[in-house]
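Chain lettering (A, B, C, D and E) follows the sequence in which the chains are written, and residue indices restart at 1 in each chain.
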Amino acid sequence: ACGGNDSPEGGAELEGSVVIDGSGTVYPFMAKMAENYMTNAQENVSVEVSRAGTSAGFQKFLVEDGTDFNNASRSIKEEELAKAEELGTEVQELKVALDGLTFVINKENDWATELTQQEIIEIFLASGGKQKWSDVRPDFPEEEIKTYGPNENHGTYEFMFENILGEQDMVEGANLQQDYSVLVDLVSKDKNAIAFFGYGYYASNTDKLTAVNVDFGNGPVEPSVETIAEDGEYAEFTRPVFSYLNVNHAKEKPQVLDYAIYTMENANEVAQETGFAPLPEEEIQATVDTLNGLKGE
Amino acid sequence: MSVLTENKKQVSTMGESPVPDTKKSIVYDTKDLNLWYGEDQALKNINLSIYENEVTAIIGPSGCGKSTYIKTLNRMVEMIPVVRISGEILYRGKNILDKNFKVEDLRTKVGMVFQKPNPFPKSIFENVAYGPKIHGIRDKKILNEIVEKSLRGAAIWDEVKDRLNENAYGLSGGQQQRLCIARALAIEPDVILMDEPTSALDPISTLKVEELVQELKKDFSIIIVTHNMQQAARISDKTAFFLSGEVVEFADTNKIFSNPSDKRTEDYITGRFG
Amino acid sequence: MKIRDLIDEKKKTKSIGNSVEKLIPGILLGIAVISILTTVGILLTLITETVLFFQEVPIISFFTGTELKPLGEHAVFGVLPLLTGTLISTLIAMLVAIPIGLMTAIYLSEYASEKARKILKPILEILAGIPTIVYGFFAFTFVTPLLRSFIPGLEPTNILSPGIVMGIMIIPMVASLSEDAMSSVPNAMREGALALGSTKLEVTWKVVLPAAISGIIASFVLGISRAIGETMIVTIASGSSKNFTFDVTQSMQTMTAYIVEVTGGEAAAGTTLYHSLYAVAFTLFVFTLIMNMIAQYISRKYREEY
Amino acid sequence: MKYVDNNQVQKKMGSRLFLNMLAKSLFLLATLFGLIVLVILIYRVFRDGAGWINFDFITNKLSTEPERAGIMGAILGTFWLMLVVAPVTMLLGVGTAIYLEEYAKKGRLQSLFQTNIANLAGVPSVVFGLLGLTVFVRGLDLGNIVLAGGLTMALLVLPVVVVSAQEAIRAVPQFLREASYGMGATKWQTIKNVVLPASIPGILTGTILALSRAIGETAPLVVIGIPALLIPLPDGIFDKFTILPVQIYYWTLDSALVSEYMNLAAATILILLLVLFIMNSIAILIRNKFQRRF
Amino acid sequence: MSVLTENKKQVSTMGESPVPDTKKSIVYDTKDLNLWYGEDQALKNINLSIYENEVTAIIGPSGCGKSTYIKTLNRMVEMIPVVRISGEILYRGKNILDKNFKVEDLRTKVGMVFQKPNPFPKSIFENVAYGPKIHGIRDKKILNEIVEKSLRGAAIWDEVKDRLNENAYGLSGGQQQRLCIARALAIEPDVILMDEPTSALDPISTLKVEELVQELKKDFSIIIVTHNMQQAARISDKTAFFLSGEVVEFADTNKIFSNPSDKRTEDYITGRFG
């Protein structure tokens, strides 16, 4: 029953599959979304979500018969767009929520709960020269700083590298991992650790981790759903997160388009639950309209 | 040309044939048969004729080649890879050692009963129906008839008729052996080869099988290997005495046991060796 | 006679049966060849992509490189971090599996009563039948925290814990193969030694072990091969750091774990990263193949001994 | 002249016997080590997982929320996977075994086959995963569906089936074959009607053991690609799927994020161990029930 | 109290002991020995005395318990788990079946040579040096001397002196057996037990071993099991005839072979059965 041309909201039964890969940051958001969709909207559609990382995900997205969506914690790059063009794939950017790059430390770490933006950058810069905590501030313990983060598969790494570190080399020996769960575990067990990743992973692990309150010049700011916003107090470290839709697939497979619309319509609600900051309603509505526009074609 | 047989025919050096029995026709005619297991010669220049509707006993001490000879008659001996054969065995006039001869055809006409009862691990019915089935008989009614007839023929019908679907391994050794005979009868063979069919059986079962053999010879030609002189004397018409792969004497059973022409035969049947 | 006629009649129409008879060996040979094709398939798959890889990354720098940074723009492919990870975890595993496995084999073959053997062997079989993922879970949730409580410097993911657990997993294999080798030493030799007043320990040490040594070594080699190829335990418990180090308290990656990481994460066909997967897998394959060949060679030799 | 001083010998005997006792205890201890680990392992898994097993856990679909999460998907995935592995590996394994035991002449070719099978048995399972990824998932473009995973697994456990089927066939006594040939049966008729039926218990036992190996394998399926979140239940061999060990893998990994996932992993391990236990019991039962009587 | 022996001592019902030889002292004194393998009794109420510097032969048909008895003398029989023993065996006055008795001590004083030569898969030197080494002799020079002396004692020195470091499996069967004797001599035992030591050997090797036994009895007490009556007659001083686990007759070899007192003994040594 491929009632694809009916209005999805009209309650038409859809089936088939929706394949999503990409950002690990967005994964909890998208996993929750997929689950809700399959429980509340379309039981017979199979939505599968993986989390290879933004860049890795784009490599699976931009091939013949690639994935339907690619989640991303950075916006698509020029060369990725060029690749899409080459393939004849039309790509629609769906901005789904806002995330704050969060720096987390071990629960036992009671000295670095507040750091300035500059101090954080220097800790992660190869040229920063901060090997020990005492190099950061003299009253910090004289112990080696252990830096952690996601590996180069991840948009978060690239956001860090490009937007925070200004494309300068990251410290040698930073422990870069594929899985966020591993990062959370590592930091929760290492007293001298400091790691960076999306706010969501901190929000669901507040019992295991402490977030560093960042001083952007106007006193320390705690990352939170409230402070993370494009014009909020945590704006410096705030970034939008996306899901990129293969429009060709959306036109061929009604369930893909239906899922895209569902995602946007429920984005703010799910964002809240999974540790993301919501987007302005108008922005969401605009995307929904664009998607609805695809239906007629 | 035969590839199985080597053509260096040897001159018969010994072996006394019984006076040809012109009334009965010859089923098997063995001519200058030699057989080697690798380097060891197990059969030496055998010449023997087996007659229709007779029981021919083969006797001799252990290792003299009795089993080897009887297994050559249905070419079962070829299952041992190192075997080489020369000479001829004519079955109903055709040389079975010839390359073009189909062993399966031969074996459907020549039934075999082994020293140890070897029923299949199947039901009694399936054991007997095995032969007809592999030869293409599928009709359940015909199979039923064959099974009954064969079991009757093997004098075991009354003992098993109520448990045809039970596993054959539930039978006693003697019953199993008669079942194996029934299995051989089911394809209505022309000849039945028996290799010490009673050596694993108790005296009562042995007697039953012996009676059965006497009965069967009306319809079949039977060749029976036995280490039991009394048995040979009781049931056979002709007897061949083997020694170290050679036929020492082949004659009417009466003659062999009353008046053997060879000293070695006499020594053997009087129990002086073996 | 009735049956005879029936059979003869059927025989005329039995040509189908005859052709089946002729076809069967061919069909079965075809099936048997699939196992050969599997090996050929593995070799072809691995070699083709490995060749592509070495066109992009010089073979020398691959095998001598101490740095492995497969992701990002300036990717560096040196296999040494993975090789050391693999060899160190194997070494740790064998340090556990060889002594315990061998002692178990000695106990079962030389000391245990028939009854004890009947109980102990099935338990070892259970141990051998537990899926590796369960061992991985065990390493990650039990052994690592346990070790961390008395090795302070131990990282949350490290090569030590999975190495030990891998060793435990291999114990049954070493034990049962070694026991087979020791059991096949003729009893006459034990009797000869006992009759001279030897204790059981002396019989074992001076007579049985030397006589069974090739079978025992074969079991060690197979154990090594198994450890080299083991995947999930290290994947779960040793993290994915590509450190080039000999410090067992650190996280290291093995060749197998690298394959899981790269295929699970990325593996877009055609990239150098993708090809590196095959180069690493080929290296792994060669290692285990050599080990298996050695084991077969040794055990074939020993079978001829008595 | 006496070389062996009896007093000396006797004096030393005590310490030699003591050493023997010491060694014996050590060997026993080493043997018990495995047992102790097994007990700890099972105790831990039980402690963490037993409380989480209930009807809903078995029948529910996967969910990101621990309270709602169930393993029906993984159970069905495992089921469908076995439905591919069992017939394929049986056909290939038994076919190969029959060929090697009944048809192949002793010689180079046969030992090539034998060596090849021994080596195949030692190839790491990730490498099979890579073979599956390259040939089935990508080459034949099946995608990461049950069929592709099943074919990969079938090749992986093939050596186990071949070896056990060979043993079973070898154990069929020659006299049964002779009985059949004696009736004029051809080789294939003998194999089909006598050899295979008599060796079927051994073959089945071997196949079950191979399947229980396949059921616990994780690496090859992670390599051919199984999504971290796949909620719908697979309906057949052309569906995407997850299986019990892979579910354990992802939950163990993510237990850092949601600590209850660790309990879910433990509960799933219990189910997996239970399945393995049942399969092995069946294998033992078959072995005992059909213990050869010939 | 012994746990090994069961204390239901039985009254001796048969077995005639030779007239005690008062000049020589008794090495082994077996009293009311019974032995069971599970349910089957293999030794029944054995009473036997073995004298110093004599060769005692044990003869009897297969399965009569010869090996069982000789293996009980150094408690090797205990390696079979189902064995139960009752009665006493006094070695130099001490009951070796006693729980507190150390078997290893016993075995250093009682050498054993087996039916099939069983050298260790080591060099010739290591084979002979094995015993002394485990008993703590490490001094290379002393070991060399022991090895030479023992190999000379076993009449094999000349044949192997140039190849002491070669593997013992390179020797012929007869040489291997003499090597095993040398190995037993190397621990300077008091008694040597031999279980059909020549049955696996060719006639020439057998002769050598027999000569050797004659030579050795000057220094050792020897108990030898043999199925070869001639051998027993040639080399032994006393002979015990076993039958179905019982000692039928035990006397001077001369007497046994010239004038046995039991009809069964006579039947056996004249070859009428066994």
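Everything below uses one rule, namely that contacts are C-beta pairs under 8 Å (C-beta built on N, C-alpha and C of every residue); 3 or more make two chains touch, one makes a residue touch a chain.
Because the structure is predicted, anything quoted here is derived from the model rather than measured.
K.L.:
Chains in contact with subunit D and with subunit E: which ones?
P.N.:
Common contact partners of subunit D and subunit E, which must touch each of the two, are C.
K.L.:
What chain is the most remote from subunit C, judged by the mean position of CA atoms in each chain?
P.N.:
That would be chain B.
K.L.:
What is the distance in Å between the mean C-alpha positions of subunit C and subunit D?
P.N.:
So the centroids are 14 Å from each other.
K.L.:
Between subunit A and subunit C, what is the separation of their C-alpha centroids in Å?
P.N.:
Chain centres of subunit A and subunit C, defined by C-alpha means, are spaced 40 Å apart.
K.L.:
Could you give the separation in Å between the centres of subunit B and subunit C, each centre being the mean of its C-alpha atoms?
P.N.:
The computed centroid separation for subunit B versus subunit C comes out at 54 Å.
K.L.:
Two or more other chains in contact with one residue: find those residues in subunit C.
P.N.:
17, 197, 199, 202, 264, 269
K.L.:
For subunit A, which residues are shared contacts with two or more other chains?
P.N.:
179, 182, 185, 188
K.L.:
Can you list the residues of subunit D that touch 2 or more other chains?
P.N.:
Each of 9, 16-17, 186, 253, 255 in subunit D touches at least two other chains.
K.L.:
Judged by the touch rule stated earlier, which pairs of chains are there in contact?
P.N.:
After working through each pair, the chains in contact turn out to be A-C, A-D, B-C, B-D, C-D, C-E, D-E.
K.L.:
Any idea which subunit C residues touch subunit E in the complex?
P.N.:
113-114, 186-199, 202, 206-207, 210-211, 305
K.L.:
List the residues on subunit D that touch subunit C in their complex, please.
P.N.:
9, 16-17, 19-20, 23-24, 26-31, 33-35, 37-38, 40-41, 44-45, 48, 91-92, 95-96, 98-100, 103-104, 112-113, 115-120, 122-131, 133-135, 138, 155, 158-159, 162, 186-188, 212, 215-219, 222-225, 245, 248-249, 252-253, 255, 262, 265-266, 269, 272-273, 276, 280
K.L.:
If you look only at subunit D, which of its residues touch subunit B in the complex?
P.N.:
The contact residues of subunit D facing subunit B are 173-186, 189, 193-194, 197-198, 293-294.
K.L.:
Show me the residue ranges of subunit B that touch subunit D in the complex, using the header's touch definition.
P.N.:
74, 76, 79, 104-109, 111-112, 114, 116, 118-122, 130-131, 133-135, 169, 180, 183-184, 187
K.L.:
Name, in rising order, each residue of subunit C that touches subunit B in their complex.
P.N.:
1-4, 6-7, 10-11, 13-14, 17
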